[in-house]
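First chain written, first letter: the chains are A, B, C and D, and each begins at residue 1.
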């Protein structure tokens, strides 16, 4: 099985910039994280964009969809900001591709102490390998269907609707 | 869904002891790791033993089996040393419980820079949630059936047989 | 010798807040850092304030001076934001206390991968123990007199004047 | 001021080897640590040997002495295992070079969570810059003269004699 991992930015991939004192995007942490994970199978990394998901526009969600559509691999993990992860998942879900697509991200940057990022990456990779075709969000140690998930912003975690 | 996580020791849970200069077992890293993972679902942690898997005896594998048998949760992750992970998996596999049991561990201790432990934990949790009843080993970003896996000691990674 | 360590905030002590996605102040990292440093001597920790140094007002610099003046310990390390570290150093320098006062901070938060904070803390503690009475800035592996230092903002490092 | 940093191995520089499950020496962590410290001054790194200090022989201590003697820099930090740090310090102390030589090390490897290594490196660099000519041991946030220090093995810390 070959897996495609598409990076779009988000908290997962944020770096502290010592010059501005702000969190910015620089070289993606994903290649290093995948090596550290000691993944033995083939794994294609696609650094598609590096943006805060609050800044993601419709045409960029179409780009993500395009990458999934064109992917030779039927099992895809997308690293994405948490704030609009559900919106991108909805665009992908509506397209109903014959693929297993798992969106994940992080509540704390990979490069910060106490980050959930590396756990989420592992969870998402297994979900992409095992779940039936469909679009999912993997956060908080849970796999959600794209049409039954919301981010509880006050508590900082994902939940099923209703 | 409720998940049970059983710790047995192994590289995953090794600490550096400044007095002896050796790697030892101390308080398990698992409670901290699970909190860091921001798992929202119920998760029962069972610190069963803390040993090097090369030292694991038959009666201790029976203890692991007993814990799985008695577990109220049908989805179980076992943290285990990699060297005899396959042997414990075989004991559990032969018992054919109506549960999904995923053994995982680490090639580098959780507390060391560049450890694969946290990724493996995430991978194993998703596999435990998604895979059908059976006994599995989750290592190197791959899920192996208990009866078709071996540790390639020279390369330091798990592979299917033949 | 007893050492006083006064925390005022700054990049050194910033935490990533998963709810707001911003860097904030929470419980100081200093007590944990001092324990990790395995300091054997007596060490008094004074969490005076927790602010960004760009927000530090005159009355707050007076508070820092007051803490130094009242300190029973003649050797003091102050954790401070880098942007106005020199301004606080100037206030302390003008007071000409019979004490050795070393200001330090970090270009990257202690809790981030690749942070210089822990090195700077060690450097500042040694400088506080060894330098004659006076006010100093310890950054970039160098000890500067308070009246001959500037932060090169473009390069993100401290230098002597002219 | 230019500083020379001589690596000899010791706990500071130990790596976990996933193949053997043992702590070994590999590429020194020092070049990375010095970059992370954002040291602005010139800094010469000399990887002299990479051994456990319990294995250090007389001829190797003579090598360390030779490196110090030949050093163009009068300020030297030596990274050394803690168990026989005092013995090497005694050899260097007896030579009475007109240089400031500071030996340091770590109780926990640099690459492990909760390591004191990076703090000790900062402490030693400041001590090398500030202390008068002589040979010192910098551990536990304290600077010891080479002829008045012992490692309390039971407590895992350095103390003055008597």
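Convention: contacts are C-beta pairs under 8 Å (C-beta built on N, C-alpha and C of every residue); 3 or more make two chains touch, one makes a residue touch a chain.
Just so we're clear, the structure is a prediction, and the values are computed from it rather than from any experiment.
Visitor: For chain B, which other chain has the most distant CA centre?
Guide: Result for max centroid distance from chain B is chain C.
Visitor: If contact pairs are compared by residue number, which of A-C, A-B or B-D agrees with C-D in over half of them?
Guide: Comparing residue numbers across A-C, A-B or B-D, the repeat of C-D turns out to be A-B.
Visitor: Centre to centre, by mean C-alpha position, how many angstrom separate chain A and chain C?
Guide: Taking the mean C-alpha position of each chain, the two centres sit 38 Å apart.
Visitor: Just give me the whole-number Å value for how far the CA centre of chain A lies from that of chain B.
Guide: Using C-alpha averages as centres, the distance is 25 Å.
Visitor: Can you give the whole-Å distance between the Cα centres of chain B and chain C?
Guide: Once rounded, the distance between the two centres reads 43 Å.
Visitor: Send over the residues of chain D in touch with two or more other chains.
Guide: 107, 114
Visitor: On the basis of the stated criterion, which chains touch which? Give every pair.
Guide: So the chains that touch one another pair up as A-B, A-C, B-D, C-D.
Visitor: Can you tell me which positions in chain B touch chain D when the two form their complex?
Guide: Within the complex, chain B touches chain D at residues 11, 16, 18-19, 21, 23, 83, 107-109, 111-114, 153-154, 156.
Visitor: Write out the stretch or stretches of chain C touching chain D in their complex.
Guide: Listed in rising order, the residues of chain C that touch chain D are 3, 33, 36-41, 43, 107, 114-116, 118-127, 129-131, 138-143, 157-159.
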